[in-house]
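Next, two complexes with subunit A in common: one pairs it with subunit B, the other with subunit C.
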Partner chain A sequence: MSEQTTELGHSIKALADTLIPYILAVVAAFAAVGIFFAAVGFDVLQAYSTILFTSFRTPNGFVQTLLKYVPLLLQALAFTVPLTAGKFNIGGEGQLIVGAIGAAAVGIMFSGLPMLLLLPMVILAGIVFGGFWAAIPAWLLYRFGINEILTTVMMNFISFSLIDYVATEIWRDPTAGHPTTVPIGAGGEFPLLVAKPPLNSGIVLALAAAVIVYVYVNRTPGGYDLVATGANARASRVFGINVRVMFLLSLIVGGALAGLSGAIEVAGVHHRLIEGLQSNFLLLGIIIGLMARGNLLAVPFVAFFIAVLEVGASAMQRTMMIPVEFVFIVEALILLFVLLSDVVRRR
Partner chain B sequence: MDQFQMQFVSFARLVMLAMVPYVLASQGTMLGGRTGLFSVSQEGIMLVGASLGFLGAYLYGSLVYGMLLAMFVGGLFGLALAYFTTTLKMNQFVIGLSLFFIGLGLSTLFPKIVIGVTLQPPLIPTLPDVPIPGLSQIPILGDIFFNQNVLVYFAILLSIFLYYLLYKTSIGLELRSVGENPKAADSLGVNVSVMRYVTAIVGGMLMGLAGAYLPMVYTGTFTQGMVQGRGWIAIALTFFGGWSPHLIFLGALFFAGVEILALRVQVAGVGVPYQFLLTLPYIATILVMIFASRRVRAPAFLGQNYDREKRTLS
Partner chain C sequence: MKNSTMLEMKGVRKSFGTVVALDDVNLQLKSSEIHGLLGGNGAGKTTLMNVLYGLYKPDRGEIYLREKKVEIQSPKDAISCGIGMVHQHFLQIDSYTVTENIVLGTRLKNRPTLDLDQEEQRIQDLSERFGLEVSPSSLVEELPMGIRQRVEILKAVYRGVDVLILDEPTTNLTPQEVESLFQSLRVMVEEGMSVVFITHKLREVLSVSDRISVLRDGRNVITLPRDEASEEVLVRAMVGEGLDVGKSLVFSDTGLDQEALQVGQEPVLRVEGLQVVNEEGNPLVKDCSFQIREKEIFGVAGVAGNGQQELAESLMGIRPIAGGQASIDDTSIVGLETRELLEMGVTYIPEDRLQDGFLPTANVAQNLILGYQRQEPYHNRGFLDWNAIFRAARELITEYNIMTPSAKEPAANLSGGNIQRVMLARAFSHPAKLLVAHNPTRGLDIGSMEFVYSKLLERKEQGMATLLLSEDLDELMLLCDRIATIYRGQFAGVLERGEFDKYQIGRMMSGVETHE
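== the complex of A and B ==
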């Protein structure tokens, strides 16, 4: 009995050790920006209550948060999976866009098909296209040893032109003012999970992806190779792991996850391809992945927290005319403080 | 001058004009890299530099103030990078990305605070051309090289100066040694930390100035994301130039050439959708990286932090 109690005590202590730096980082970041807010003359308390509680005051706020949560979670995973192998995927934005293009292309070209066929095709197209877009920098890394940070970023910029071409030249919707394609077939749309306020079932896929990735990385031999590669590539190579293949595969899986989020944006949210649908999901996804320190168990929780902040930030801009960027600065500061807590702990 | 000659002169003039942000940002990257600091925050620092360069010029009515403000903030970012990586020994990529985020956020925040959200953003005057007496009269060459704005001259002189500093002075030798083998440099009495702080701060200032160049020469105002990947391209360019000032200068001419060529072809209209022309600089970057991966070597200690109490490197 006493043994069990100490064990419980240990795990509580471990949990507290993990959580306390986060809590301190959040408080410190809010405090730092709050001082600035007050100096400029904004109502700090009202701003912060808007940021933190908009998601929980109304059903609509909560659904908005979940809708934001899906791409953020997937972008964070797209960054974190390659990070497990020690590689930085900064191309989630391009992979999302190209995944969305693939999903929209299939949804438009086969718009007559019934849902049973079309929906899986749309999702698969997103995954394959996103994976393909990541496979290019992954292959360049594999074949020539080229730094993946740069090439994945370059692929983002190329994808901006690609989506513009698709949305203005190939399947342009002439009635829309903004570059947009015609809608995909009704069979390609995600069924609604909740009718009012509308919540599509993309979140089920996103959560399933998070669980699968977590289980694979932490509970299978393949995942063990991945983690070992990230921990010490040289030792892993000696041990017989083909680390270059690990780099290659981890980046492609990351791209597939980002591509899935593109498909969900098209088939779940917009029902068409819209230029700019990638929003700032990539940056937030990276922030989430780094805040979670690459821990796949922590990513879904951190992603939810950031989704809450983001929905609150838009509300704050709408009702109080305070620029959303303030919240972005808060998020970047939280990240910096979380990272700093590692330094403090080391001493 | 016949038609072809005029075409050539105007093209070459534009290339010289477009080369500046690449040169400044890449030389800044090179400086840090030579002491082992690999920054990936160029894009963010350039965005902040563009934003504050514009605002400084708008508020104080002088482009010089805008440039100074952009360089000051760029230097602060460099200082932060050096502090977190050299003093606190944190991962360079992670810190570089964090600084990139902060720069990105601040770049759109400042104009919203200072000017507010307007349909018609205010304009600042663009940087005037300053012909150099005598030299600007030389046919063809005068127009290309000696009838430009001051930052074009600055970029050229900076590249020459850095070449001299790095390869012809003892400070340059010490600086290079820090990036190759900090332990050996340390044992010979070189202060590794000071070297890293100085190069990071100066490098950041150059990146800030590179950003300020964009509103001051191209647009007259700040627009969101206006750096358009030039900061990232600068990293590739630095690799391509083998971390040497003179080759970086040539590489910058190449990238500026691609940028101007894409614009020219777009205007001329050759039947290729303009979206594909817009991708040219990015595709060129990837190709250049493939080339550089084969032939060029980077400083041996690039991207790593030096801990003098550790026995081994890396």
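== the complex of A and C ==
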């Protein structure tokens, strides 16, 4: 009995030890930017209440936040899963784009099929194409030991040209002023969860992916192998884990998650392929993964917080003419302070 | 001059965070003496000497040199006071010659031309005077450990030190090299120098020291002249009253009772003409053949880096076997993966625990099951059973006396000795017909060594086979039924219990002799 009590006390203390630096980092980042706002002459309180509460004031704000949340969560997972094995996937952007291309291609080519067939095909195409795009650097790492940071980044640039080609040459929509394809078949569109304001059901898939990833990593022997590889690849190899396969698989799973977010953008949000649909999700995803310190339980919560900030930032720009970039500064400072708290704690 | 006080440390205290490493320690060093500083791991020997050498700043305490108070803030101050130190790990530049390594950081006569003839001559003279034979123009990377250590001592002597501190100098030496080191130290003290000799090996300290001080848990226990010291007294001082010296395995001379000496008949591991090569195809282990039977502890002696690790890793499936045969219970293990070997019942205590056996960011429980995550009871229908894992971890933490607040604690917070206990707990708690143990007692205090020895003997009694690779000859001679000596990847000879001879093994370790 007493042992259980101490274990519980231990857990509570550990949770407090984790949360307090985060709260301090957030407060410190807002305070630092607040001083700057005040110096430039903006209304600090109004700006912050816009940033923090836009998501919760109107149904529309909340739906906007959830729509942002889906790609941010999946991008963060695409970065965090390989990170668990000690590998850096900086190619989530390219994997999202290629996943979106795959989803759009299937959605356009088989546009006549009913939803029961087309929607799963569209989703699957996104996952497979995204996974394939990550499999190239993963295989180069597995076979030749080429650093995955370089190759995943370079694959992003290839994907930019690829989407340009697809959206301007193959399935170009001549009526659009921006490189865009024709719409996918109606059977490939995600059904709506809420009709007004429109919220598609992609969020269900994203949350399911987060849960599956968390359970796999924390509850299965394969997940144990992944964590052990990230903790010390050499020791894991000495004790029988095939770490090179772990590197390979973790990167491909990361790519598949990013590809899924590409499919959701196409089939849920735009219903077509649009150049630039990757937004800045990659960088935000990396920031989320690092803020969560690679903890897969923390990632969904941190991602939601960043989605709130992002939606609030757009609102602030619209209503108060304060550039959204200020919120990037806040996000960067939070990350900086979270990382700094590690250094402080070690002293 | 003789027997005047050369150096005195008074009331030294040093703490790291909440851990008090040294508490009110005094040490008096006379001129012309070899002073043995004895203590188990973590007793504070090295910390005390690092304070003297200016590497640590003490919280309290004073240092007097020839009865004058000195402030030592850095190794530079220490050297200018005439204090030199030879560390356990040498700080040498491999691609430099002996002369270049020795003069590095000193004032040179011909600085612009780097003409080192004069310096080389002086080094030659010093090396002859002290019997520290070394060729000044050879490259350091080509020298064996024993010679590299001479270079390190010459470095100190060249700088004209009066006090020389040697931290565990005999760790990587053959018995012959130890003898020759001791002779050189004798010459030095006869010329008026003083030597502090840090060690945890009783027999060495008794054979060479004039006086002996014992530290335990960061405190002085006793200081004795050589003729008043005996093994018994020193052991008591080192380990306190907690250990029954009479029954202790670590200090037993004759070894074990007859019961423990029984060896079975059936071979468990058979190795025939084993070859291991590096990436360039050069052999690291050549033509090794041996068998380990049931109830046998088979020892491999040798100076570090002669193929021990490669031998162990090839048997564990970590390195490929390039040639020859190896089988366990008549099943060939050539080409098997580590995972398959672990499932067959082979287990491993790696030498380099931090690199090869330890997951710093994972918790203690996760570390304890590494390699066994797919076995009962940790694994249940595709999922890990964390309740079973933590239950097993808590039992192991108690049984192996691992100092940690909880099984959920990040393993990075464990100390070196506790990390080693995790390695031992993992290896001993899973039933294995063959254990490959490489330096399993490195970094452990005497109480824990005792524990490892009793666990190894317990395995033996249960009929299981052990391959024990160790650099500690006393350990091998105590535990093993047979000892092979490995030199440059080849067995120089295998001795049976009863014909163990430290000096013969030493000669085989340095390649002078082979035994058929």
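Before moving on, here are some points about what is shown:
The rule we apply is simple: the second predicted complex is superposed on the first by the 336 of 347 C-alpha atoms of A that agree within 3 Å, B and C clash if a C-alpha of one lies under 4 Å from a C-alpha of the other, contacts with A are read in each partner's own complex, and residues count from 1 in each chain.
Rule of thumb we're sticking to: a contact is a pair of C-beta atoms (placed from the backbone, for glycine too) under 8 Å apart; a residue touches a chain by one contact, two chains touch by 3 or more.
Computed from a predicted structure; not experimentally measured.
Number of subunit A residues touched is higher for B, counting subunit B against subunit C. Of the two partner chains placed by superposition, only subunit B is touched by A:157; subunit C is not. Judged by the touch definition given at the top, the superposed model places A:220 against subunit C, while subunit B stays out of reach. In the superposition on chain A, contact is made by A:240 with subunit C only, not with subunit B.
In the superposition on chain A, no contact is made by A:18 with either subunit B or subunit C. Within the superposed three-chain model, A:340 lies in touch with subunit B and out of touch with subunit C [touch as defined at top].
After overlaying the two complexes on the shared chain, residue contacts for A:232 are found with subunit C alone; subunit B is out of touch. In the superposition on chain A, contact of A:290 is made with subunit B only, not with subunit C. With the contact threshold set out at the top, not one residue of subunit A is in contact with subunit B in one structure and with subunit C in the other. By the touch criterion stated above, subunit C contacts subunit A in their complex at residues 313, 316-318, 337-339, 341-342, 348, 350, 355-362, 366, 369-371, 373-374, 379, 382-384, 386, 405-406, 408.
Against subunit C, in their complex, subunit A makes its touches with residues 6-7, 10-11, 14, 219-221, 223-225, 227-228, 230-232, 234-242.
Residue ranges on subunit B touching subunit A, taken from their complex, read 40, 88-90, 93-95, 97-98, 101-102, 104-106, 108-109, 112-113, 228-229, 232, 235-236, 239, 273, 275-276, 278-279, 282-283, 285-286, 289-290, 293-294.
Chain contact summary for the complex, subunit A toward subunit B: residues 40, 88, 90, 140, 144-147, 149-151, 153-155, 157-158, 160-162, 164-165, 169, 283, 286-287, 290, 323, 325-326, 328-329, 331-333, 335-336, 339-340, 342-343.
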